[in-house]
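Quick heads-up: structures coming right below.
Here come two complexes built around chain A, the first alongside chain B, the second alongside chain C.
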Partner chain A sequence: MLGFLFRRLGDIIPTFFGVTLLVFFLIRLIPGDPILMLAGERGVDAARYAELQAQYGFDQPIIVQYFDYLMGVFQGDLGKSFVTKKPVLDEFLVLFPATVELGLTGILFAVCFGVPFGVLAAINRGKWIDHLTMSVSLTGYSMPIFWWALLLIMFFSTTLGWTPVSGRLSVMYYIEPTTGFMLIDTLLSDEKGAFISALRHMILPTIALGTIPMAVIARMTRSSMLEVLGEEYIRVARAKGLSPLRVIMVHALRNALIPVITVIGLQVGVLLAGAILTETIFSWPGIGKWIIEAMNRRDYPTIQGGILMIAFLVMGVNLIVDLLYGVVNPRIRHKR
Partner chain B sequence: MALLEVKNLTVEFGSEDKPFRAVDSVSYSIDRGEVLGIVGESGSGKSVSSLAVMGLIDFPGRVTADALTFDGQDLLGMPAKRRREITGKDIAMIFQDPMSALNPCFTVEAQIMEALKVHEGGSKKQRRERTLELLNQVGIPDPKSRMTAYPHQLSGGMSQRIVIAMAIACKPRLLIADEPTTALDVTIQAQIIDLLLKLQEDSDMGLLLITHDLALVSEAANRIQVMYAGQLFESGPADSIFSAPRHPYTQALLEALPERSEGHDRLRTIPGVVPGQYDRPAGCLLAPRCRYANESCVAARPEVSDFNGRDVRCFYPLNDQGQPTGLNTGGTV
Partner chain C sequence: MSENTTPSAAPAANVAEPMGAPPSPLRETWDYFRKNRGAYVGLIVIAIILFLALTAQWIAPYDPIAQDRTAFLKPPIWMDGADPRYILGTDAVGRDILSRLIHGAQLSVSIGVFVVILSMIAGIVLGMVAGYFRGWVEVGIMRLMDIMLALPSLIMALAIVAILGPGLENAMLAIAIVQLPHYVRLTRASVVSELNKEYVIASQIAGAGHVRQMFVNILPNCMAPLIVQGTLGISSAILDAAALGFLGLGAQPPLPEWGTMLSEAREFVGSAWWVITFPGLCILVTVLAFNLMGDGLRDALDPKMKR
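Moving on, here comes the complex of A and B:
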């Protein structure tokens, strides 16, 4: 177990270099000069431009800039934002909980609906329930997030008025962040109704973000479940006189979930990519929106730092998923 | 009253108007303490008929019978919940491939204790003790340490012992063993059969032994049923079937045994294969492969009839010399 953990942590090293290399050079390939962006419409004269270039280190060869950046990262310094002049890490940590909260509810939504839909479809194979859930999930999978989110807003917020259009909390409330998770903070606070407000704000972004992973999970659960239901040990379980519910929920689902868990882990990456769109549409103050804004302003340190942190997050989640895999699947646990 | 009474059991698959009969009007009964062997080639409906007894035939399969009773209770008519109380408790089943019969996600202990929990309840401690006792009973060495093992850590023979322990956990009165040794190697086969017979004897169970191994049933079974393409071809006491087969198919099966091929250059075989869904003969199902078949065999299907105290489905049952009778008269005996 420990050896496996170290090996997996070792895998992170090349990924880390890959990510820093890619992000560092790719953003410099995007047309646009951060200094000119900062200067705004009036621009700067040549002397001041050179001075600023020296200040930000742009006068150095690009390789030197990269190693400077790398050295900073090794010391836990992601640099300072060109725009706000604040350390990137500090900004990240403030915004991060909002994204995590949305991501968690999104994946929760995806699992809570995807797995039961998949199971229902599998045990009703070929019947209308199967066709219905599978066509719904295909539609969900094919729907571009920004369009789906706008449809949701148009219908539920504008027409029906059930949910707020954007943001995390109604302006009527002010909540001092303690954990950064709005649902928890509002619960802890004395403000009446704040929790309900936070919850209502979560609904649409959660659905918009969770739909694609839900569709993937539902389809994966269905096919995995169908495979498991054909296994001999399912017949044996039934021959023991167990109820159909127990055969499906205990004997089949446990085995069927093994590949689904891997898919859930992979979906976290998709989820974070989706978060960028979702947060932009719903004005959700999270990492996604932050990085988009940083890109528009060519705020190199923020983009680099943000993406590096997201990459770490995805790697971390996949590591956890691999460890979980061993918990669910005894065959893997014992082979080490 | 017989423990299990099966009368004209039929299992059909496929569409209503053109069904495929996997099992066609099979009847048998089995008493307490009796070993009934069902033999036949692959595809003869042995497994399907026993699955039907267990209630494990799923939609779109259709099970019908004039009678399917266990201990006087009608299995087909009772509600599903009541039937599950009998399945796994009073009637238990062992399957062909032990390596895939155990759920890979659960320990040996959990899988045996589950059967106990569903049917007998009791405290966890009691169930654990009983599990240990069962593992001892089926001859698992060092049962304590095997309790927490997962199926992938066990050998085939060991797995089959676990499967048997699971099946006998609730002291069933009837045990159906569907080719329990096919997937095992020869030395283990004998051990498993000995174990099954010992358990059967000790607890006076009825044992339904399904196999295509004639040598095995000849030693183990009191009575034998020969099945072919879903139909019952011959049934009777084990020793008399072996000494004097009445059905040409039984005769051919016996002749195919290696020990009966002495003096021949090659092992004898039955040409052809069991007819499938689309190539069923209109007459006797064996007609294309039978050495005695004539026009009447191709034209009509024989019914099961009594011949010298034996149930035989043939127009021309064999006499003690192994020669067909009634051929000259050209009619049913």
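Moving on, here comes the complex of A and C:
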């Protein structure tokens, strides 16, 4: 197991440096001088220009600049925002829980609906219920979620008035962030109704974000289930006279879920990309909305830092999923 | 086929005739494809969209950017208060939505096709070089692709647009770059599995040069998975371009790109459902059609699925 861990870590190191290199060059490939861009309309005199250049290290050779950047990254220094002048990492950490919260509820929604629908489709293979779930799944998979989110708002918020249009919490409440997760913070607070308000704010973004992963999980569960249902041990279990429900839920589903776990892990990238769109639409104060705002303001250190953190996140989760898979399935661990 | 069975017409070619002549590969693929109802529907929808895209100039009732100051936010004709001149209504500055949607089809189809062609050509060349020459070239190219895959596609596209600046051309280029790793990986994998086959060794002995080996001898045998990926690539290109347009980083107004239209329509979410519903529906239908066709093609072209 330890060997497997080191092998996977060894695979990830070149990618890590590659991503830092990519993000490092991001800011240097932009047409135009970053200092002049930073100075804005007013411009800057020669002395101040040299000073700023030295401050940002632009007067150094490019290799030295990259090395400095890398050292900064290792120490958690992602630079300072052009706009707020605050460290990028601090801003990221403040907003990150909101995105995690939305991502978790999104994936929970996707699993809670995707897995049962996949199982249902598999055990009714070829019947109308199979066709229906797979059609819904393919539609969900092709869904432009920014449109889907607007449709949900149009129907549930503005027409029926069931859910709020945007934000994380009604303005009636003020909750001091302790964990950063609104559902937990509101539960801990003694403001009555705050938790319900937070929950109501979560529903539509969760559905919007969870739809594509749900479709992917349903399809994966179905095909994995169909494969397992054809195995010998299922026939043995049936021959022993176990109830069909027990055969499906215990014998088949447990084994069918192994590839589904990988797919769930791979959805992290989809969720983060989806978070950019979902957060923008629902004014959800997370990192997705933050990056888009930074792009509109041309706040390059923020864009740079945000993208780097997202890449790390995706790489980290993929690594964990790989390791988990090695734990669940010894054949993977001992390969090579 | 029937003329082959008359022995007088081609006696020499008919030695194996009692076994039944195998159908041509194209014919066989088509037969499998046609049995898949979803794929067939997808193909028909794509044909309609292509027709709309190609004839947009003539069949769209109005100029997609012409503004009618007498008809702001008019609903579709089956609703109260509609303007009978505008079938699907008008947007906030009095532009005909139907005309914009038809011209949007033209934009989206060209985005999808252009992105895939660009990405596929570059991907095939890189993947072919990696798979054919192996060694450090392969390691270098494949590592680069791994790095590009470390970022979710939309975020990678955002990063590239941040460098190049917003706009339709830059968004297309960004999406083409984002899709590149898929084609590189597929090509390399196929090439590696072809490399030790007898026909490759035979033509090497016969003196075929590297370029001839790569692109004339090996490439045609690697095309099946690439065609499937290309079809699915069109749908993700359209979707990503619409998402970038929606975020204000892709096609800029007044271009009638569907995602850009949605972005302009966002503020009317509570008041004018038609400006929001129709562009998104167009995106969904188009993307769905290409996905259905891609799935059908995969089943038809994959030898493991046959039988």
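By our rule, the second predicted complex is superposed on the first by the 284 of 336 C-alpha atoms of A that agree within 3 Å, B and C clash if a C-alpha of one lies under 4 Å from a C-alpha of the other, contacts with A are read in each partner's own complex, and residues count from 1 in each chain.
Definition applied: contacts are C-beta pairs under 8 Å (C-beta built on N, C-alpha and C of every residue); 3 or more make two chains touch, one makes a residue touch a chain.
All values reported here derive from a predicted model rather than from experimental measurement.
Following the overlay on chain A, a side-by-side fit with no clash is recorded for the pair chain B and chain C.
In the overlay built on the shared chain, the residue A:Gly10 is in contact with neither chain B nor chain C. Once chain A of one complex is fitted onto chain A of the other, the partner contacts of A:Arg235 are limited to chain B, with no touch recorded for chain C. In the superposition on chain A, contact of A:Gly161 is made with neither chain B nor chain C. With both structures placed on the common chain, the touch criterion links A:Val328 to chain B but leaves chain C unconnected. In the superposed pair of complexes, A:Ile30 makes contact with chain C only, with no contact to chain B. Using the contact criterion defined above for the overlaid structures, shared-chain residue A:Gly76 touches neither chain B nor chain C, since it reaches no partner. Measured by the number of chain A residues touched, the leading partner among chain B and chain C is C. Superposition on chain A leaves chain B and chain C with their closest Cα atoms 17 Å from each other. Looking at chain A, you'll find no residue that touches chain B in one structure and chain C in the other.
Taken together, the chain A residues at the contact with chain B in this complex read 231-233, 235-243, 251, 254-255, 328-331, 334.
Per the touch definition, chain C reaches chain A in the complex via residues 38, 143-144, 146-147, 150-155, 158-159, 161-163, 165, 235, 239, 242-243, 246-249, 259, 262, 266, 269-270, 273, 276-277, 279-281, 283-284, 287-288, 291-292, 295.
Residue ranges on chain B touching chain A, taken from their complex, read 54, 56, 81, 84-89, 92-93, 95, 97, 100-107, 114-115, 118-119, 150, 152-153, 163, 166-167. Considering their complex, residues 14-15, 18-19, 22-23, 26, 29-31, 138-139, 141-144, 146-148, 150-151, 153-154, 158, 165, 269-270, 272-273, 276-277, 280-281, 291-292, 295-296, 300, 303, 307, 310-311, 314-315 of chain A touch chain C.
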